[in-house]
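The block underneath contains the structure these notes are about, expressed in structure tokens.
Chain lettering (A, B and C) follows the sequence in which the chains are written, and residue indices restart at 1 in each chain.
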Amino acid sequence: MYFPQTHTLHDIAEWLGNEYAGKGDLILNGINEIHRVEKGQITFADHPKYYQKALYSAATVVLVNAKLDCPQGKGLIFSQDPFRDFNRLTARFNTFSPGTNTVSPTAEIGHGTVIQPNAFIGDNVVIGKNCLIHSNVSIYHNCIIGNNVIIHANTVIGSDAFYYKRRPEGYDKLLSGGRVIIQDFVEIGSNCSIDRGVTSDTIIGEGTKLDNLIQIGHDTIIGKDCLFASQVGVAGCVNIEDNVILWGQVGVQKDLTIGAGSVVLGQSGIAKSMEGGKVYFGSPASDSREKMRELAYIKRLPELIKILTEKL
Amino acid sequence: MYFPQTHTLHDIAEWLGNEYAGKGDLILNGINEIHRVEKGQITFADHPKYYQKALYSAATVVLVNAKLDCPQGKGLIFSQDPFRDFNRLTARFNTFSPGTNTVSPTAEIGHGTVIQPNAFIGDNVVIGKNCLIHSNVSIYHNCIIGNNVIIHANTVIGSDAFYYKRRPEGYDKLLSGGRVIIQDFVEIGSNCSIDRGVTSDTIIGEGTKLDNLIQIGHDTIIGKDCLFASQVGVAGCVNIEDNVILWGQVGVQKDLTIGAGSVVLGQSGIAKSMEGGKVYFGSPASDSREKMRELAYIKRLPELIKILTEKL
Amino acid sequence: MYFPQTHTLHDIAEWLGNEYAGKGDLILNGINEIHRVEKGQITFADHPKYYQKALYSAATVVLVNAKLDCPQGKGLIFSQDPFRDFNRLTARFNTFSPGTNTVSPTAEIGHGTVIQPNAFIGDNVVIGKNCLIHSNVSIYHNCIIGNNVIIHANTVIGSDAFYYKRRPEGYDKLLSGGRVIIQDFVEIGSNCSIDRGVTSDTIIGEGTKLDNLIQIGHDTIIGKDCLFASQVGVAGCVNIEDNVILWGQVGVQKDLTIGAGSVVLGQSGIAKSMEGGKVYFGSPASDSREKMRELAYIKRLPELIKILTEKL
């Protein structure tokens, strides 16, 4: 998530009311959670197990709840509650405000694009040329749609990430300040849910086609020319490379990568990163030929047990 | 489902045109199907296998198609078709009428609550304070939403139960007279479907968070601080206790209980009641460590068969 | 997909700018892809493996990219790119045009039918008598709804088929010129997606009931009095006969038949045609008793391996 304009470390720390280490004139252009953070940005770490990852990430500044040593050329902001202070920054720079128009007057809509009745287009949405947005679609604020994109009825682009911190008093929500970016020539079926990034962007790559009732989690990046059949569910912070095919009802867990050209057969569950160019099956999924062999062996179990019972 | 005001057994039987047993001045406050019925209410039983359960339930009156003995202090209404007469009562007291407004003038909406464009809010809906109801959400008549609730775009609250009786001429629908009650601090993702109770209420407990594309069946009661990942499906009349976590694409069959603090791993199928505090996996699901052990054994099957072939 | 009026082979070939074989005065009433094509229609074949199937199908004319011999009484249109020319015909006769009304003035709506607020009804839609169309439903152009049909909130009827041809430059979409036909006494839950046929019709048979969040693919034909529980996904060109019950989260692959009276248990995956009257379970699914026996054997694997280890 980018700030509308840059701020210094000093200014951000002062606004938060926190002390800091490092040079106060470090220039910051946004915030980002640890999986997607880039140079010039602030991330946060509120548990010792993430301290090293945060310090050695691309982040220029880390919001942290311990007096760690500040790495050369970086900054630390010391916070009693980094999760809360990160949310305060998101809320400060997030532009959501209640809408009164079906199509926001601040949305930009390209030449030749058709918006069917009852679609909702939020503030600062940008839609390219020659798109077709069907009825009852909801596109939340700040999302970006390329050219020649088709979005079928009742699909939602830009709902919040499913990301909570457990507190003694209940779940605390990490605010979603990121966006969804849909590249050119993408087609998305009906009743899909594409969540926005918490701080980075959820991206659907050029030429990719999604069927109906598909879930794409926050900050997930999908490559070019992928095909996802209906009811596929992809969690947050997943990387799916180019030309991946996911058949119906496949589930993909968070924080993993599916290599280019992979094919995942129907109802499989992807629980760890998978190398490209192979066919996978099962829940949890493995190489499909291996899995088919297992299924054939299972069918031979009765015979096996009969032999054992007789011979032993 | 409560009557707007109480009625006597005599009045209800007379309105239905049926004979009855028991005291005519028994006071009745509503109707309810057999899983959720309470004292003061009417339930129905149209098959001998449910007669005993109905007679010994908390129901004050049973609509029944046999001349059973009336238990002490209760009443029976004798009907040729209890299912049909139960539906007649639901239709009599159910307040659905066609809407002409996007937000019904009979809806009550609390201070600080934002309703985004194109959301539909039905008759007699009550929404608390500081809620955010996103675009294209549909909330059917009579549903109750607490304070500080977020409902993401295109989610449906209060659609009818999926509950039919097989007749020779086709399926006959049990009318849904119940409600959905969403308690405080609940967040519901986009494109979810939360069905109303047939006669009781579907309840989402305080602080519970649902991701996108989730199905919650009629009369299901979900406890506090649960987390359901996307594409979870829960059937009707399920009890899910507090602090239960269901990962993506989990399915839960009807009429069962999942104990407090349970965790169910992705794509599992819950087919019977599960005790609390454990981790489950598989379809049908069992203890996750046991299931993982089974999967490891299956991988050893080829070796096993090789040994058998050689040694026996 | 039917033409508004008939055309001759000569006229169609001339409009496409292609040469043809066969009698120029052959009368054509529409186009249809190979699974559903009927006499009087044009189909296409752009790969040698489909040539024979297309020539011997019911099609009167085949759009084909090879100089095949023309069968007696039929016609061939020779095209460099049959897929593209088939799309040109669909686009020529397809009546979609951008809508400006929530309920199109060209829609026909029967007596006693209620359309709730924010439902979108496209051009030339026909809805019968005594239907209830809930809020935020989207019904695309040309779809046909019978009498006494209930469609719950946010369901989509008539979104495009998920059907693409892989080209070197990316996926090329087969345009959807077909319709959805919903017969009498059907009830469809909330957030369902029923795709239109690419060239034929997707049909939901009389008295069939669908729960929430269900996917039905293009050109699929579902019989009478079926029950599908929530989150079922059915691919394209499937035939489901009468009285079939699919429990929750079942997946069905394309181009297959499920026989009358079948019951498929929850989370099963149907990967090939299944004969009627049986109960199925598993992914891939087989006879449910056989599958349950396999699961019982798997539970005995630890014991089996222990015996082997000790005795051999």
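Here is the rule we use: contacts are C-beta pairs under 8 Å (C-beta built on N, C-alpha and C of every residue); 3 or more make two chains touch, one makes a residue touch a chain.
Quick caveat: nothing in here was measured; it's all calculated off a predicted structure.
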item: Proportion of interface numbers common to subunit A and subunit B (over half same, under half different); value: different
item: When subunit B is superposed on subunit C by its C-alpha atoms, the rotation angle in degrees, nearest 5; value: 120
item: CA centroid of subunit A to CA centroid of subunit B, Å; value: 32
item: Junction residues of subunit C - those touching two or more other chains; value: 118, 136, 154, 191, 213, 231, 249, 267, 283, 298, 301, 304, 308
item: Complex contacts: residues of subunit A adjacent to subunit C; value: 114, 116-118, 134-136, 150, 152-154, 185, 187, 189-191, 206-207, 209, 211-213, 224-225, 227, 229-231, 248-249, 266-267, 283, 295, 298-299, 301-302, 304-305, 308, 312
item: Residue numbers on subunit B that touch subunit C, as the complex places them; value: 98-102, 118, 120, 122, 136-138, 140, 154-156, 159-160, 162, 164, 170-171, 173, 191-193, 195, 213, 215, 217, 231, 233, 235, 249, 251, 253, 267, 269, 271, 283-284, 293-294, 297-298, 300-301, 304, 307-308, 311
